[in-house]
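As written, the chains take the letters A, B, C and D, and residue 1 is the first residue of each chain.
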Amino acid sequence: MSLPPEFHALAKRVNNWGRWGADDEIGTLNLITAAVVREAAATVRTGRRIPLALPLQQDGVQSGLIPGRVNPLHTMVQINQEIFGPGTVAISDDAVTMGLQAATHWDALTHASHGGRIYNGRPAGTVTAHGGAQFSSIATAPPLVSRGVLLDVARTHGVERLPGDHAVTPEDLDAAEEFAGVRVGPGDIVLVRTGQIQVYLAGDKNAYAYPSPGLSVRTPEWFHARDVAAVADDTLTFEIFPPEIEDLWMPVHALDLVEMGMLQGQNWNLETLSTACAQDKRYAFLLCAMPEPFAGATGAPVAPVAVL
Amino acid sequence: MSLPPEFHALAKRVNNWGRWGADDEIGTLNLITAAVVREAAATVRTGRRIPLALPLQQDGVQSGLIPGRVNPLHTMVQINQEIFGPGTVAISDDAVTMGLQAATHWDALTHASHGGRIYNGRPAGTVTAHGGAQFSSIATAPPLVSRGVLLDVARTHGVERLPGDHAVTPEDLDAAEEFAGVRVGPGDIVLVRTGQIQVYLAGDKNAYAYPSPGLSVRTPEWFHARDVAAVADDTLTFEIFPPEIEDLWMPVHALDLVEMGMLQGQNWNLETLSTACAQDKRYAFLLCAMPEPFAGATGAPVAPVAVL
Amino acid sequence: MSLPPEFHALAKRVNNWGRWGADDEIGTLNLITAAVVREAAATVRTGRRIPLALPLQQDGVQSGLIPGRVNPLHTMVQINQEIFGPGTVAISDDAVTMGLQAATHWDALTHASHGGRIYNGRPAGTVTAHGGAQFSSIATAPPLVSRGVLLDVARTHGVERLPGDHAVTPEDLDAAEEFAGVRVGPGDIVLVRTGQIQVYLAGDKNAYAYPSPGLSVRTPEWFHARDVAAVADDTLTFEIFPPEIEDLWMPVHALDLVEMGMLQGQNWNLETLSTACAQDKRYAFLLCAMPEPFAGATGAPVAPVAVL
Amino acid sequence: MSLPPEFHALAKRVNNWGRWGADDEIGTLNLITAAVVREAAATVRTGRRIPLALPLQQDGVQSGLIPGRVNPLHTMVQINQEIFGPGTVAISDDAVTMGLQAATHWDALTHASHGGRIYNGRPAGTVTAHGGAQFSSIATAPPLVSRGVLLDVARTHGVERLPGDHAVTPEDLDAAEEFAGVRVGPGDIVLVRTGQIQVYLAGDKNAYAYPSPGLSVRTPEWFHARDVAAVADDTLTFEIFPPEIEDLWMPVHALDLVEMGMLQGQNWNLETLSTACAQDKRYAFLLCAMPEPFAGATGAPVAPVAVL
């Protein structure tokens, strides 16, 4: 069994292997140039900062559906410990165990493979238990500071959140862009809002996970055409789940990460940002979204901040 | 036994308890106003982005000296796993266990206490094993995006790095400020460079830890006078270690975190930034340094980015 | 608010504080004498070995009900790694994160406290984040090898498993003892079978947890009268849950661990043992049940083996 | 590059593939029959129980030499927490992260492979990040309760401990057996004492690790001839390290685990047992040494107990 012809047709149209040389490990992050960053900084108007990460906590978004992707277990290893003797300054310290893809995170390009290949045509076998991803680990990512653009598909549709079977299409992205009054361009980091995270925030992890609206298999072409640097949304699966095409699971992951070499973000909380953008009638901003640089990792938590 | 009178004299001069109300949990982070953020964005000239975090890896800065503060243990929980059957898209996933203060991090205000009190006079007993810090956890911090100023004390002294017994004094900060041609002001995040992290980068964790240059017990007053929002440096202990005053251990932690309510950052790699600032002859920049929002935590890893 | 008078009346009758001296940390484990061990070894007839631990796995008995008590997360840190070069012998290594009370385990005496006291009247404050339990940690336990006696309450009642609201009473224990044809005595480790673990084995973690049959608040007196060394059963909560007396939560924990100083075991799989004992018509055997000696821990996993 | 001819000659002589059928996963553990267990129980004379595990603690035997094999990090997740309200019974709970081969442990047969094969000729690729070892994981091991025999090589040589370059040879095992006055036979678990663990107990982890006495590449034949069930010793590396034959690293692991299918134990503390056996002039005993049954694991901690 292998992936169907329609997948390969899509793959061919978005493939970036070799575009930045045979040695490239970062794909579309190459598109964040110094000029893009300067323009991003120039978008700041009010100075308002909006955090986009969920709190990292044991009662996180993971419900046990995905094996090994555990919510953060936070423990104290010292509590007001007078290390240097009674009456001295006391110290508290903590430790954590967590799945790197468990909370608000970026997938590294190596998070997905198909046909034995990762981004840029390297063998998938370069990801091993000993050291993780030899190439394209999250630690190879240059700082993700760029212009952010919110494509608020839910608001564009006039709903609080999209229904679970809504695949976000290129036409939805066009409409949201028009609604936003902004043109998505090279090096942008696009945030797609479905409103789905409200389901988790209301306390239902299972319904948050599935069924979930998310990106259509047709969207990678749209992002490719615009030369977007990275895309994040407010769902667990990023793409619509269950998928649009029977038995074609996780096609968007394969197209974005493997073929195009474009980072994906999941479980981003875009609710406050949505309200702020609607109030300001501005949907472009400075976005700081540097992943924690775990060596060899195929993904990492991130605490993104939009500066309006 | 308790802390000596000279400590209490210093504490009195920098104390901010009640300054932002009895309910305040974030201390000097209140000083990062929207106006400060707007000005920070306006400092961007070249658009160059410089990451300041060390890679998160098992061969990190911890040598076992501090009990429980373990370097990141990164493990793969899935490697190219064809979750939905043979020939489907394959997924790799990872997990980590680490001390939250083990790598490049921010201390939360609750990382230190003395005399049974944390910042704003709350009982130290509000930090417990069940849920961690009830108040002033790192998750209460608003987005740390502000103007960053590099005070390059090593370069000002004309040395690669300060010797292990060098306490960075207010006079050193004045000199570095003059060297930088910039005036530190309200809401700034100050980065103090000693060069000590070179010792770790050269492979010697033990010598990196101790003896280490670092901030003098006299510097909190300087930061207080300037109404700085937060301070980070390139050492394991932040303050000079062993301390300047016999048997007065960790006084700077107590003054900054407990009395003033000012966040501290440690193990920041300021080497590339130092070279870039010297080349550009500019020492102020936009700094994105949002900690991972671990609920209840007394510190958290951060992947800071300077945008020049 | 404090514990009701009826609790204190029970506590007084089973209290062992001072019985083995003011310095004692192990309570009723003192009752496993060399003579008891010799007799235990002499009970072996067939040489059949029956393991009583559940597999340690992510799909373990914990459902998230108890904060922080996480099922084992097993990860590979090396897979067939040719450490000394290509073509050399390859090594696989693993790591785990887990709650020490998450699976088949012993509670240490310090797992419970009430009124600020642990076993033998020591302050509960001797359990801290720094080093865990200073006294009566699981690592202080001498080897738990003794005579095991199965009190198969479910089989005695002629049912597969007891209903969720069945409190196992002293009368139940008497009946099971008579059914077994054995007299429980000093130093014995008693295994009480309710059959409840079948609910977990059938895939329903939530129903396994609650409501659950378990030991009645009246059983500690029975165990005290017989000078039993330790008791384990096949439930998550050990005692009946919800409790028999309104608003008196976890009284058996307080009586067994704090007052009597007797170890408790939970999540033991007694199903195969039950069948074997019924076939052999013998309910006493050699039991090897040494907990993993985690320094400072208030409980630990155990892989018990009954030798018939 | 591949393993030298002398290795393959040795391998041929000890190979047990197919001996217990093509489906076998447990190798020489098949040799622990009910009759062996009955005889083991009959060796008990005094009823004295001697624990053989090191405490599980952060200051354990690992020095960082072996990547990913981390000492136990024990943390408290609840401390005297009054879960059901003020004044109720309080609970303390803990969690741990550790390398499964970090402390006193058994290697599973899958801990080693060579030439792409594990025990019984199965592909090494059956060990994966997803679920670990599909065959011959430590959880497949039947209860390790059998006759234990201490071969006290150090005492036989009249030294406290063997020097770091001493390879324990078949002749050493013969001499220790004669010294012990016992004949090692089918199903026995042999404990080989070098005294090396004294180096760790004296505080020097690095010198404990290397150079270390240990089993010679010639010993697997001896164990094979006697049909031993398993072998453990008091060193970090089990076999002499660095190895006897240049560039032939870890040959004993490959012969014992892969070819013969015989479990190995490391970091066992045999000091107290040595004294007790010498006093009693008896070197055979009942040994309870059941590993924690981690699903899919290639090794596991064990808390062994010798009953004399």
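To be clear about the criterion, contacts are C-beta pairs under 8 Å (C-beta built on N, C-alpha and C of every residue); 3 or more make two chains touch, one makes a residue touch a chain.
Everything numeric in this text was worked out from a predicted model, so none of it was measured.
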item: Given chain A and chain D, the chains that contact each of them; value: B, C
item: Between A-C and B-C, the pair with more C-beta contacts; value: A-C
item: Proportion of interface numbers common to chain C and chain D (over half same, under half different); value: same
item: Chain A on chain B, rotation in degrees - Cα superposition, rounded to nearest 5; value: 180
item: Cα-centroid distance, chain C relative to chain D, in whole angstrom; value: 27
item: Euclidean distance of C-alpha centroids - chain A vs chain C, Å; value: 45
item: Residues of chain D whose C-beta touches two or more other chains; value: 67-68, 70, 73, 75-79, 92, 95, 97, 128-130
item: Contacting residues of chain B [partner chain A, same complex]; value: 1-3, 33-38, 41-42, 44-51, 53-57, 66-70, 72, 74-80, 83-101, 110-114, 116, 124-125, 127-129, 132-133, 139, 142-143, 145, 247, 249-251, 253-254, 286, 288, 290-299, 301-305, 307
item: Touching residues on chain A, where the partner in the complex is chain D; value: 67-68, 73, 75-77, 79, 95, 97, 129-130
